[in-house]
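Heads up, there are several structures right after this.
Consider the two complexes below, in which chain A is the common component and chain B and chain C are the respective partners.
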Partner chain A sequence: MNYQVMIDSLPDLLGGALLTLELVALAAVVGFAVALPVALARLTRRPLLWMPAYGFVFFFRGTPLLVQIFLIYYGFSQFPEIRASALWPILREPYWCALIAFSLNTSAYTAEIMRGAIQAVPRGQIEAAMATGMSRLTRLRRVVLPQAMRIGLPAYSNEVILLVKASSLASTVTLMDLTGTARTIASTNYMPVELLTTAALIYLAINFTLTRVFKGIEYLVSGENRAAVNDPLMQAGLNDPDALHKIAEK
Partner chain B sequence: MTTKTFSIALAALGLSTLAAQADPLRIATEGAYPPFNFVDASGELQGFDVDIANALCDVMEIECEITAQAWDGIIPGLNAGRYDAIVASMSITPEREEAVNFTQPYYQAGAVLVAPEGSDIMPEPDSMAGQLIGVQRASTYANLIEERFPEADVRLYDTVENHNLDLISGRLDGVIAQRIFMSNWLDSDDGEGFEMKGDAMLDPDILGLGAGVAVRKDDTELLDRLNDALDTIMDNGTYAEINDRYFDVSLMPQR
Partner chain C sequence: MFDLQGFGPTLLVGAWMTIQVALTAAFFGVLLGLGVALMKLSTSRIARLLGDIYTTVLRGVPILVVILLFYFGAISAVNALADSLGHGDFIDINAFVAGTAALALAFGAYATEVFRGAFQAIPKGQIEAARALGMSRFTAFRRVSLPQVWRLALPGLGNIFLVILKETALVSVIGLEELMRKTEFAVGFTRQPFTFFLFAACLYLAMTIVTMIALQWLERRANRGIAGGAGA
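Coming up: the complex of A and B.
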């Protein structure tokens, strides 16, 4: 291991990491925005809504991300009609092609996480909401989605971490992201182990930070659970299942 | 294929000593650089490099196993012992010679700028400034652009096929790649509407002496045998015959 090479390459690699972070952040935001309507459409009984949503998720979960990037970047550009269309200024740029591929891919996975989380909201909560006369939309906004968010958060943090790693495929469409920069430097000094190790450490640092951030969010949104734990009554109940009965009997 | 038939013939005659007993020589090529090395419709590796490799194995009377490897990891793979030699149109350069040993060159090509017909781009620093130029990552052509056209806006691709796709789609103003490869591409349907700009660039300082067979530093015995085998095929007409299968001009290096 040549540590000097690793240190010398840091500025360039961190520059690449900025592009990686930018792509991941934008893809996560766009992906989340696309995923919500897809997840809700998946949950309706109307074929016109759930079938396209199902097809979308089926395609983007069922094919490799590399294939999706290549189809968007090299595939679309094969058609003169597309090159002549208004979309071309966007589709000609590798940056936008990668962002589109990442966003659609992550939105398919996120939609499934959301669907699972929404379905996991206890039935009694919805019945209670209905009993208080909430409309369908109010129910969704005030009861279902907030609880689903809490249920889906751990799975979603996993998806964002997967997205960070998947973003390395941007280097296959000429983008100089973290992986692209590492590969380019390695191709001139023939020290792939040093460069890829340094890149791996930067990815680890990014993902470590992300897990901390998500841990923090999980803590923030689990207010009632924490309260329950701190409640002396519950505390007693958690430590000794019979304690609650004893307290109740008193 | 020829090697295989040859070995089988030897074995059948009961004459085989080296060929049947020795471990096969493992040779790596890229498989994405037609007409030098590519995978044909039936999945077989074909091309000038592959034919040269097989001819060398015939002369050395050894069985060869040729596999396709990704270009940007091909030298590390050799030094890691995953194969014994690289026959992949690899230009001999001082940087690469620090990592591996090369045989004498087995062909010389040079680089060329290809751009759309009617474009007034020329392979000169002023004309290339600010132009989007595609080139293969980890190739000597990438070094050439960096040295000679520092003002060009370079995009790095994993394969030459990919930068040619982007030349067709209009994402690039031009590509710089190997002359013979691009000449063949211009002859194909895909190359319609494109042409070479200016003269071929030879720059031996950057592009090297030509393409050689790469072997590990400690493998001097194999290096000597490959050099002898190269002499043999260049002298006995085998080289010329392979050359004519692919090219109008002779690529045989000056010796």
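Coming up: the complex of A and C.
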């Protein structure tokens, strides 16, 4: 192992890590937004709604992400109609194609997490909400979703970690994310082991930090852990946004 | 539905290679997971620490990076060894071995947690009863815990297999001629990326469906005679 090479490559690799984080953050936000309607559609009894949602989830969870990226990046170029359309400037860019693939992929997994979480909300609470005269939408907004978020959080944090790892596939469509940068430098200095090891360590650091942050959020939103209402740490956490990080660091 | 222009058989050969990679990785991954789970449950602090490092690293690093690391790492290690032995020619590494080893390691890391949960789910009273009958710790493990672990771990192992089956596509990056690589050849020849990648997607879906059916059958079999089990 040549440690000097590892240290020298660090600035470039951290630059690549920024693109990784950017892709993950955007895909997570878009994926979350797409997942909610898909999850709700999955839960209805109307075939016109749940069947397409089921097909969407089944396709994106049943095929490799690599196939999905290639299908979007290379696949669409097969049709002259698409190449002539207004969408082409977006669909020919590897950045947008990777982002679309990551977003749709994570939305399928997230939709299943949401579905499970929504179904886990105790039936009695929904009945109570109905009894107090809440409309469907109000019930969803004020009773079901807030609790579902809490129930689904541990599974969702796993999904975000998986997304960080999945984002390494951006390198297969020439993007200079963390893996892409490591591969590119390795192809010029012929030191793949050093560069890939450094990249692996950065991925570990990212995922370790994310795990801690999510644990902090779980702690903040879980009623059971907050049983001690007088806990000064919790008081701080509720009033001071920075306390989240302090708790996450613990 | 698909006009494969004569590439059908080639793609099926690739799919067969995909299945071989997935099954080989699963076989070694299960053994690895079982072994590391025992390390994590052991009383030895060093064994527990090693087990923790293994699962943390392998679950925190993208499989693509692990595959590349294995491939290039093995190449430089083997060639350095060959050089020192006075063998000057470049030696290439078998992509099947490097890719499958990386996938088996990843499988093992996830399987470790599944096995650990399964061992912990076995009622303590059973082990105590076995010990009270005079069985040694090892005999109690072999005759009481181990036979039950399979049943408890099967659903979790099945999920890991479904994940690894899809991750085999990444082995195409180091040149193994599995389904994805064969599809890329066909795309390069026919210039019809959408048709062929969609066909590959359908083959992966078909493999997923067959796996799910097989897992259901295995779970039913494993739960024979268990009250409340799926086979009851």
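Following the convention adopted for this analysis, the second predicted complex is superposed on the first by the 224 of 250 C-alpha atoms of A that agree within 3 Å, B and C clash if a C-alpha of one lies under 4 Å from a C-alpha of the other, contacts with A are read in each partner's own complex, and residues count from 1 in each chain.
Following the convention adopted for this analysis, a contact is a pair of C-beta atoms (placed from the backbone, for glycine too) under 8 Å apart; a residue touches a chain by one contact, two chains touch by 3 or more.
All values derive from a computational prediction rather than experimental measurement.
K.L.:
If chain A is used to align the two complexes, do chain B and chain C fit next to each other or clash?
P.N.:
Clash: chain B and chain C overlap once superposed on chain A.
K.L.:
Pick one for A:Val160: touches chain B only (first), chain C only (second), both, or neither.
P.N.:
Neither partner.
K.L.:
Is A:Arg183 contacted by the first partner chain B, the second partner chain C, both or neither?
P.N.:
In the superposition, A:Arg183 contacts both chain B and chain C.
K.L.:
Can A:Thr197 be said to touch chain B (first), chain C (second), both, or neither?
P.N.:
second
K.L.:
Touching A:Arg92, do we find chain B (first), chain C (second), both, or neither?
P.N.:
It touches chain B, and chain C stays clear.
K.L.:
In the overlay, answer first, second, both or neither for which of chain B and chain C A:Leu19 touches.
P.N.:
A:Leu19 contacts neither chain B nor chain C.
K.L.:
Which partner, chain B or chain C, touches the larger number of chain A residues?
P.N.:
So, of the two partners, C touches more residues of chain A.
K.L.:
In the superposed arrangement, does A:Val143 touch chain B (first), chain C (second), both or neither?
P.N.:
In the superposed model, A:Val143 contacts neither chain B nor chain C.
K.L.:
Please indicate which partner A:Ile113 is in contact with in the superposed arrangement: first for chain B, second for chain C, both, or neither.
P.N.:
Touch status of A:Ile113: no partner.
K.L.:
Now for A:Ala170: first (chain B), second (chain C), both, or neither, which partner does it touch?
P.N.:
In the superposition, A:Ala170 touches no partner, neither chain B nor chain C.
K.L.:
Please work out whether A:Tyr74 is in contact with chain B alone, chain C alone, both, or neither, and reply first, second, both or neither.
P.N.:
The answer is both, since A:Tyr74 touches chain B and chain C.
K.L.:
After fitting the two complexes on their shared chain A, where does chain C collide with chain B, if the options are 43-51, 79-87, 97-105 or 223-231?
P.N.:
79-87
K.L.:
Both chain B and chain C touch chain A; at which residues?
P.N.:
Overlap of chain B and chain C footprints on chain A: residues 74, 77-78, 172, 183, 186, 192-193.
K.L.:
If you look only at chain B, which of its residues touch chain A in the complex?
P.N.:
72-73, 75-76, 95-96, 98-99, 134, 137-138, 142-143, 155-158, 162, 165-166, 168-171
K.L.:
For chain A, which residues count as touching chain B in their complex?
P.N.:
74, 77-78, 83, 92, 94, 172, 174, 176, 180, 183-184, 186-190, 192-193
K.L.:
Report the residues of chain A in contact with chain C in the complex, numbered from low to high.
P.N.:
So the residues of chain A in touch with chain C come to 58-59, 62-68, 70-71, 74-79, 161, 164-169, 171-172, 179, 182-183, 186, 192-193, 196-197, 199-200, 203-204, 207-208.
K.L.:
How about chain C: which of its residues touch chain A in the complex?
P.N.:
Its residues touching chain A are 56-57, 60-66, 68-69, 72-73, 76, 166-170, 172-173, 180, 187, 191-195, 197-198, 200-201, 204-205, 208-209.
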